[in-house]
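In what comes next, chain A is part of two complexes: it sits with chain B in the first one and with chain C in the second one.
Right after this comes the complex of A and B.
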């Protein structure tokens, strides 16, 4: 017998989590299934709405204002600007992210030393904003190759930031392996674990602060790579702020990204609180349909195919990165329901010759009607009870626009709301 | 002639660098100029096969004999560049039995150790071979790293006093009274090791003799001297797989044909190749069908290639040369032999010899012959020592060392680093500073990267060919920013940024021919990491000034302890 729910959400990234959360809040019985680790662990943990227009104008100061000028196929156009605001309201309600006091984008320093426009940022990144004019000290760790503080500082200076910025590299207290995972650093700080410094035992937080104090001059803000704890990040930051006597912030990093993982944890917590159920680690491999209605999807678990039935389905499996969209030498396809994806016939039409050129692959995804139901090549609805959200949608280049999180949250919200409304 | 003759060698591929090393070891004064990086031309664009000679054993036995001889020499003098994988010539049911026998006999005639094994035995060696392979001939083919080999030759040449100038293009030859007396060279960025962003300049290099070792580009140099060198460039595609589907070189036992070899190379396998004449060695079409042909044909030998992940493709041009009166139409008919063109004898132009044709495997032998030729010009009686003296990194070297303890590196990173560095491992890896891994795909540590930077300056593509950093699955997606950071400190931020962009673009170039399936996903991830996480596509350091004051400056420090709701009313520092 199948596992039943009103709404079944496939995918555990930002879009899937938002749509499950919204549908549950609307009173639906919701189940979320996800296969791979969500791409949140690859993401910086910042939540962007729109940083650049599709024409490359930017950085945009007011993302909502800029959404009005988007082309009609853009997901923001499909759901409408006001709905984007509502969706962000839900996000703000369940997280402690900052930036909701204004419509204006923030500019956040990146680990390579650029700044990028974003709409919401974790509390831990707040003191690092680039429009704040207080001087900054960036602190790098000797063996952490993803964040070279002097290099990032010099790059920020070249970017014209309105403050003085200096980078110093220190050795993390205690004898961690040169290749230690970032979670090792985070854990030591979370627990204030004992480390040996010149034969004396000290708490990791104190020892780290002491090393920073030997290189800090008068900077009012001190930035670290995003390793400042996992479970107790606020406490780690507060302890460092007290001992250093300056505001402390994290610079978002590439994968595996602790801010991304923290956000994922928070959203799963919120989903749990909403009463929805979820299951991770197993793929959806097959489905049954009656005409244009999906009846059951099958999840593969230890070799068995477990049926899951729902009235309404949400496809939030991600784009090319998350493998919600796949390709071979001849074509591009959506692997679960084989929804239509528009693409050039010759694979050499899928990309541009420049690494940062205007890549058609970046916009690969399903096209939908106004309620986010995927459309066939002839513009009819693929399945009347299937909606799509997030990176599996086509028509926008999240990387160039810095719009990935916003589109995921907004379309997840709308898909969840519609699915709940339709569910019996 | 009382002084040491000064020889200018044009071309920093295997041939030129082999000549430079040989002449320098014989005590001559050598300057080598190369328009790009070392290996920029054909050498850097081959499949890394150390020929046993088996390939030529039927049609071109002179080449085959040279190959097996040099195969043995290179195993001795360049052990840290060679992996003796062994090779197989496999026969499919539709392939001719007569040719198979000819191949076997040819190998024996040329002194190439060769044995016939059954299809089952072949599959026991290489489990992914097609089930219907009849039988195979084993030969001592191997894999060789052309980058490492050329860099080691350059280092040896420099140790013997040679001057090696990369990124230095010859713009003209200086000719006085029907004699070539020097070169005009344009340095891309100043003398010495290349530094980005520093203004280049022109230089007149006067020389007693000039050697044109520019391979497919030899005709260009000939044009500058008004002599005709009819090199026939022939292109071939090579497709790189993300893993080694085979551990032995697998050749198809057929007279000739496209897509007939798979060469295991470090972490990858390289599929090759085609043979098609082109007009211009620098500007020829690189087409998707060529890549498809590699996969679709070679899957007849190794079926899993159909579904396997490719990470990039690249094309090389062979510098084929055919003596004027032969006149073949098909480039696969042209001999792989090499020719010395003494322009004095041939064209009444003194002071220059060109070397054309030839194969990578016999680069040293070509170097020896042309060095003999040059020395004869000056009446110098000096022995060639290049077949006996190991290259830097290959002296008395064993990988069977406890590298993990010695260098504090985990396996397999330690093992791979030591294999790459050979006898230089101590010098490079013994460091008291932390030595984290910079390139995870290829296991390249900071110490190795810093060593490469000390050799090649700020050019990250030169660092790449020395270390393999950025040559694995992610094609620089994760490590290009780290490599740029390794440059910073010694070099300014703007130089590091330029090198970073250049590396990204170079890595993108070959990946474009692999953009489907896993590698398209990887490309999308790389693009997202650079554009979304880092905003490198709109790097404010490269673009218009940003009006920082127009953006959110957050909440003031005193509000920071409040909740998000408080912050919403708390205003911002700059009163926005």
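Right after this comes the complex of A and C.
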């Protein structure tokens, strides 16, 4: 016996979540298993389609238009531009992200003071767009060294943004310890918890707004690092806007990331609503196959191997960073099904001598047929009931192109759709 | 290179450290407490910190990343470095384990650090030490109390006595001690005829199911202290559900799983109990039994904490053959289908507000009950969200932690009150205590609902 489903998705990132969601909406009985909590916790929460071309040109204005020029091995080419649009439609349907009103990339200021071309952004980042010409005040917190507001402001000015931007660093009210966790700030703001200001107890939202008011001049927009609540982020922002008298936005931060966490929550909630099952915390380590059909995969729990069977499987385990692809000194491999990954024999061919050069390893991953089934070295299908989605795919460099989220959503969508169609 | 091994055949032009050189092998092996395992895999992404329910409310708690990998590094650079006392504020919810993308065994590091702190730095004449020791040895108190259950239930909740306990021992007077059952599970089990009766029931049931009368279906039940002394109905439900599927149940000799002891750094106490548990369970595993627990902290201890902390004969075998009770049925039986075809009426025909205990999450079981019961006719189940209940075993019983414990639990209380049902459900007995304390709801265990659904 085993735990059964029609479609089993392995991986809980954007690609796995999208494929599970799509397959469930197509009527399949879906189960998603993920080794660890979703990698979305590490993500900025912005959803990019294509920010730069593979040749490094950009920022790209219209990502859909630019997809036509990509090389044929690129996952966007495999699934087709129209499918990318459909897949983004599913994403828009389950989130309250902004940016769906246009094909054009939005320009979102980052915590480093750069401007990132992105297709979708959380509501909380909306008031901060660099295409808006209202002046900006960036507020940093003494204890949060990841976001140096004056430095980010100077960078933005140097980048040529069409507004004045100023950075101020304040102390978060209540004198939290220097390395307080982002969740500590978020919880205090979510609950408007009490903090002590000069010996008097005050709600955290009010106290923070008061502190900002002492440094704000006439800026119409105020940006904070992304700590403005977890469960009640809209309410936190609204309360601050009212007390400060300006639009308030969040600047996406590096990991761990609250916007990423919120997106993770939202997508798992949508998955729950779709009737799918999911489990996190234990890795898939082994499988049984009958010829080229996968019959059962095994999840390892402290030495016990828990069998999970399905009709169709989706591999969405991530790339080199997410450990869906592993490498040692000899080779690069996909650890669960040992799908073929094309790479140079000599490991000195895997990278470029220049740190910012064109590194072959960045595009390592499985190659697939047009229905996203991984291919062997001789271009035959590895398993007839296995599809791959997201960063485990080869043929693109998401870090350089800023295309990671878009490829995950688009290929996840296609893998989920095909898996559901093939499932009994 | 000091005390590191020398690399062989080292060629600076073509970097090649040789086959034998293991660059991480620079510190000598030691049998002492070692916080090291996995420390080098930590790349400081801090995602563990976003999972820590204590760091979310406690300004003084530096979070799991500090307690684990960072303390280990401090120990390496400073011979006099002592374990930071904040490690005693970790509630051992073990959520950080599930968060780490690099597989750093954070809870293992916290457990060893806490053990070292209690062993070397905590005064054994301190009231706090004894308070923690008494709280973590709940089994002992419960076994005494169960001799006079009614008196104990009354006495433990007698106002003046509780005031005194708070003032002298630091055990919060805000909480109600759980009721003691008038008949323990083991008393019931013995009266019912023990393993022999269970074998007969199972054989009869296998015949009804059209199975081989002598089919090899047998489980060893690790009931834990709580379902023995307090929630006896859970243990009874577990036995009836398993017999319904044709399993023979045995209830071997057992002590506390050690969960409250790990959380209080009482590793020697925990080891004594673990030795008994592993010994009786490993004998049964050899005979073809699987170990089953109805409390998710107990199964967590047998599965993960034992092999991480102790080197006891047979421990790996027990660990890899231990399962949570409903999980085991999901793997081996068509329980999902049976539930879909069933319906409940009467006492358990309720809308349940379900909370997944942290220790169920860590076993990948956080969705199990919701997914199993969502198609059950006559009952409803709603997940009340991912927040920790905040009690974390003994943590919420400590006077100085009580308020933080309630602050952590606030989100769960809030979700419970917004849920449709006014009856709670969870696998964990202390989470149940906190749910009841925060909302006044009655709390049931999934096995009780499963029994009502499928056992006639």
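In this section, the second predicted complex is superposed on the first by the 424 of 424 C-alpha atoms of A that agree within 3 Å, B and C clash if a C-alpha of one lies under 4 Å from a C-alpha of the other, contacts with A are read in each partner's own complex, and residues count from 1 in each chain.
Going forward, a residue touches a chain if its C-beta (ideal position, glycine included) is under 8 Å from a C-beta of that chain, and two chains touch if they have at least 3 such contacts.
For clarity, every value in this text was computed on a predicted model and none was experimentally measured.
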item	value
Which of chain B and chain C A:179 touches, first, second, both or neither	both
Touched partner set for A:77, first chain B, second chain C, both or neither	neither
Partner chain(s) touched by A:52 [first = chain B, second = chain C, both, neither]	first
First (chain B), second (chain C), both or neither touched by A:353	first
First (chain B), second (chain C), both or neither touched by A:243	neither
Which superposed partner A:255 touches (first chain B, second chain C, both, neither)	both
Touching partner for A:150 - first (chain B), second (chain C), both, neither	first
Chain B versus chain C as contact partner of A:333, first or second or both or neither	neither
Touching partner for A:41 - first (chain B), second (chain C), both, neither	second
Intersection of chain A interface sets (partners chain B, chain C)	42, 179, 255, 323
Of chain A, residues touching chain B in the complex	42-44, 48, 51-52, 56, 58-59, 61, 92, 96-102, 104-107, 110-117, 123, 126-127, 129-133, 142-146, 148, 150-151, 154-155, 157-162, 171, 178-179, 220, 247, 252-255, 319-321, 323, 326-329, 346-348, 350-351, 353-356, 359, 361-362, 398-400, 402, 404
Residues on chain B engaged by chain A in the complex (per definition of touch)	288, 292, 295, 408, 410, 433-438, 446, 478, 481-482, 484-486, 488-489, 492-494, 496-497, 504-505, 507-508, 512, 515-517, 520-521, 523-525, 527-541, 545-546, 548-555, 557, 560, 563-564, 567-574, 576
In the complex with chain A, residue positions of chain C that touch it	45-47, 49-52, 55-57, 59-60, 62-63, 66, 97-101, 103, 303-304, 307, 316, 319-323, 327, 330-334, 361-368, 371, 383, 386, 410-411
Chain A residues touching chain C - in the complex, by the definition given at the top	1-3, 33, 36-37, 39, 41-42, 174, 176-177, 179-184, 186-187, 191, 231, 255-256, 258, 261, 265, 272, 277-282, 299, 301-304, 306-307, 322-323
